[in-house]
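Both complexes below contain chain A, partnered by chain B and then by chain C.
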Partner chain A sequence: MAASGTKKPRRVMLILEILILIGLLVVPLVTSDFHTIIATRMLLLAMLAISFDLCWGYSGIMTFGQALFFGVAGYVAALLANKAGYVQIWGIVPICMLVGLVSSFLIGWFLLLGKRTPTIIFVALGTLTASYAAERLVAGWQWVGAGNGMSVWDFMKVGSYELEPGPVFYYVILGFLIVAYIASRWMVRSQLGLVLAGMRQNEERLAFFGYRVQRFKALVFSFSGMIAGLSGGLYAFHEGFIGPGSMGIGLSTYAVLYGLFGGVGTLLGPILGVGAIETIAFILSDIDALKPYWPVILGVIMLIVVAYRPTGIMGLIVTDRERIGSFGYRGGGEPDAGGKDAKEDTDGTA
Partner chain B sequence: MDDAIKLIFDVMAFASIMVLVVSGLAVIASLMGIFNLGHGEFVLLGAYTVFLFREWGLPIWLGMMVAPFVVGAFGAGVERTVIRRLYAQPVIAMLATYAIGLIIREIVRGLIGGQYYAIEEPLSGSFQLGGISFSVWRTVIIFATVATMIAAWMFLTRSRTGLQIRGALENPALARASGVSTPKLYSVTFAMGAALAGLAGALMVPLFSLSADLGVRFLVQAFLSVMLGGIGTFIGPVAGGGMIGAMVPGFQWLREIPGVAEQVSPVMAEVLVFVTALIIVKFWPNGLFSAGRR
Partner chain C sequence: MALLEVRGVSKTFGSLKALGGVDVTVQPNTFHGLIGPNGSGKSTLLKAIAGAHFADGGTISFDGMDVTTMLPADRSRRGLSLKFQITAVLLELSVYDNILLAFQAHQPVWGLLRSLSRRNLHPEVMAALARFQLADRADDLAGELSHGQQQWLEIAMALTQKPKLLLLDEPTGGMSPEERRATGDLLVPIKQHCAMIIVEHDLDFIKDICDRLTVLDNGQVLDDGTVAEIEASTKVQEVYTTRV
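Let's turn to the complex of A and B:
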């Protein structure tokens, strides 16, 4: 409270959060069901984008295979519905999160927790390989529909209420997105987040301080996989379909794009990125001449963002200082002092 | 016995392609510290050049001769316009190459319309040797690879530019201090790496069919090869590429063993290659052939 003067710049972010929340809340009220369904898909993709941001923006794990966890969970959800006839949301959601968590932990354990510190490139291409291999495997596996994927005919159920794509489904997904966002935000603003910020700045120094850097990375990676799994499972029910493309490098690339375009290391950026890219895609999809070249345009956008505007959209709106923010207090000691210390430590990070 | 010789011959042909792809990737990665994520698409571009020549009604072999130069020039252009700006941040440069790869892949997809095109061999047929028939084109691939590798080796060890490249690899700051223009070297190297990819792409189109997603497959395999062989030496990536290149068809042939084919589908065999390679890398994180350096 006393330090409100120094915390002033932090407000832009908060205002932005509130504005986006209000915006998202009113979408189904002001648009048709058709547009609401498209907006729901964007929310699901936003969760995937957040999970990418946690990896790349906060812990320096370049993941080109984030869709893997999304797709695996989606397939599990589709299999539960089609083969076991189980569609209760209370079961589907935890199972999908668990699937995402376990699969990302296994990949993370393999890629990150080795004898030798893995390079960014090793992790990037390792995740790419995993995603590519998974896509190939699923596309050739008859039991899960091979290249055609699987349709999910049943709606997800809450008790006996059937959750059809539409406004209600939208609010359910929005609820999950808010929970995922708050959980992620809490994590990156806690003392753990401070360690992650230190890692981004100088991984070696953190390691010399005695932090087991790779374990932190594996932890964040697993957490992000859990969020990706959550969105994947819900996506399968929302779209009524899951295919090999949902776990391959195509969607993984999109996750990277959303994150980079919106601005990594902000959590809010990926949501904006999904909104911007998917809206443009939706408008352009009416123009037939441009349609086949849309992915090319995306590539050009990515190139420009990477080379000229590494902070993405968020970089235009908020200052670096606010983007990095402050971190939770250590237990004991005076809260304000802790807050200031944390800030001083990280002000130099960009 | 005859079958075994034929199998080894075929495996060698596939391994040769991989050696070409990987050497291009490795020369860029070891000198500049940038892992070119668009390398697979450079291969695709080489293949597409050949396809274009066929579309225009020009001889295919001409397309194959031109492809390395086209892709090399393209690589030089990319280096000039994008990569050069990002030498200080290798990770950002990597993302940029990924974006470039994405652009190439999607343009090619738009141009060929998501189809698969088979391109015939410029030298078809086979010849007899000791009662065994060998495909002429695969022989050409093997010899072209060997010749290219020898040329590259000679270039690196005998020529003045090669000496400068090795110097810059050892110690860039000292190389610059000695009056070697490292940016120029990087340009040459990047173009050379791209040209090797283009050559590989051009030579291999008759064996694989042309499709937009061709590059991804080569990128993944090339990555595993570099990891397997280790970086920084000449022999490491080449040997790694040979191993991965041999494993891919090799695992497919393992399915010939009675009882295996029912259990393992062709796709499964391909994925098993990845798994095997990653497990080897897990236990030998420096690669199998790295000479104690990095």
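Let's turn to the complex of A and C:
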């Protein structure tokens, strides 16, 4: 077909993914352990940011409480280590994912699956309130350390190998990030992703096709909670600490900012967002003269990017067309496939 | 048995009575025209039938079932499909993906996640596009289509649902006379498997393809009958000559 021949190949995203992957792979090789530990923290936050992107960027769920699932799983991980002496990674990981999944499912069920169609504001306030309430709850609960949070003295273990923060831990987390990324990408590029793309543009229209829009939202919300839970559990072990702040509105807001700054609806944007914001914050907070002002400077930079480009950093790099993508069958071999087979197979979601 | 029976449906917006007790009956496999001056309540009635908003009073039964308060998604599952007046194709998706989205509406979530059906749906998607002369635009964004083509895309999407009753709100709005004629030709074969309610201002268009007409005025049914009866109706002529 003439039209597809004239379309520019859409490969920017793929190239970017490969570049970022290479970049992330070499970090521990070219930096000190100190910086590797900071980078590990960023990877963990990137998972949280991706979970936000799945909600807002892909499903139109404005979640201001994504840290809740992160934090609950973090506390569960800390309790498993401290009270039960259990630190095996192959148990910790699924448990934390399950905790994230169940807690987000319950909140999603309550907020999204009611009789009335919830507004964006209702969901935003609902998630915010849940996050805030959870933060206050643990801050007043002695058994989990109240306002001081909980230290996790034991390292996470793979068999008998102890995972100390450092390069090995970094690669383990990178592995989980890649898996979470690929799973999310697979979902948003599938036929289900097409439903999400349609929902974002016109929810009402989708309902008229017979789609039960709120159920799709609840599904993505639960999935995103699972990823947030995974990162939260690993975070508790990496930092050796979990506190009320890790499930409160502060971190929840950061998840929003990472996403908006990097560019939502891209999955890659949130990773860039975390990298950019955390790096800027790290540099600015190191310059003594700027120390008192860095949150303000950071805020202004973020405002400029978000105001200038609603799609964040990624909006500068990829076109809307590529960002949204296409979802049809693009196998070859059909003689009269009407040109579909000439289409770029950039998504690799076969 | 009638496919659709609307009885005494009313709808009020604030102090404005948009519909004041409307009756309409549609038989299977017929095209039913809904005409009337601007603001007479045509779109309001279609939306009440489709469930975009609920009637304040009266009942709507479809295919032997009371759907008056049923949610749009459930009505759609029973075979009621609405084409919006302002085209609601998804502008940022490709033409192809718009149709695919319509086709896959009743697939289970797990199947969607695994993209199980897109391969099998491919020939159907292409056939639906070909039927409305959109096959060579498959890869373009729906937003890049002309207004007339967007209307066709909408109709093609509505038909993928294999509805028993299709509600078309001004399918030829913004079309050239050429496109109008083509639209008529594209719609006629549909009568074999689907009834239709068509809202139109273009009387020539509607007379050609409809079996019966209902004329609305000020939220009331002014007259109802075959095309010939309506053409002969003095009440209708009065409204159309003095006010349109």
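Going forward, the second predicted complex is superposed on the first by the 306 of 350 C-alpha atoms of A that agree within 3 Å, B and C clash if a C-alpha of one lies under 4 Å from a C-alpha of the other, contacts with A are read in each partner's own complex, and residues count from 1 in each chain.
As a working rule, a contact is a pair of C-beta atoms (placed from the backbone, for glycine too) under 8 Å apart; a residue touches a chain by one contact, two chains touch by 3 or more.
Given the structure is predicted, the values throughout are model-derived calculations rather than measurements.
Of the two partner chains, chain C is the only one that A:F216 touches; chain B does not reach it. In the superposition on chain A, A:R205 contacts chain C only, with no contact to chain B. In the superposed model, A:A73 lies in contact with neither chain B nor chain C.
In the superposition on chain A, A:I37 contacts neither chain B nor chain C. Residue contacts after overlaying the shared chain place A:Y293 against chain B, while chain C stays out of touching range. Common to the chain B-facing and chain C-facing surfaces of chain A is no residue whatsoever.
Across the complex, chain B meets chain A through its residues 35, 37, 82, 85-86, 91-92, 94-96, 98-100, 102-103, 106-107, 109-110, 216-217, 219-220, 223-224, 227, 265-268, 270-271, 274-275, 278, 282, 285-286. Of all residues in chain A, those touching chain C in their complex are 1-4, 7, 187, 190-192, 194-195, 197-198, 201-202, 204-213, 215-216, 219, 320-321, 324, 326-329, 331, 334, 336-340, 343, 349.
The touching residues of chain C, when paired with chain A in their complex, are 50, 52, 71-73, 76-77, 81-82, 84, 88, 90-94, 96-97, 100-102, 104-107, 109, 111-119, 121-122, 125-126, 129-130, 135-141, 157, 161. Taken together, the chain A residues at the contact with chain B in this complex read 62, 64, 110, 114-116, 118, 120-122, 124-126, 128-129, 132-133, 136-137, 139-141, 249, 253, 256, 260, 292-293, 295-296, 298-300, 302-303, 306-307, 310.
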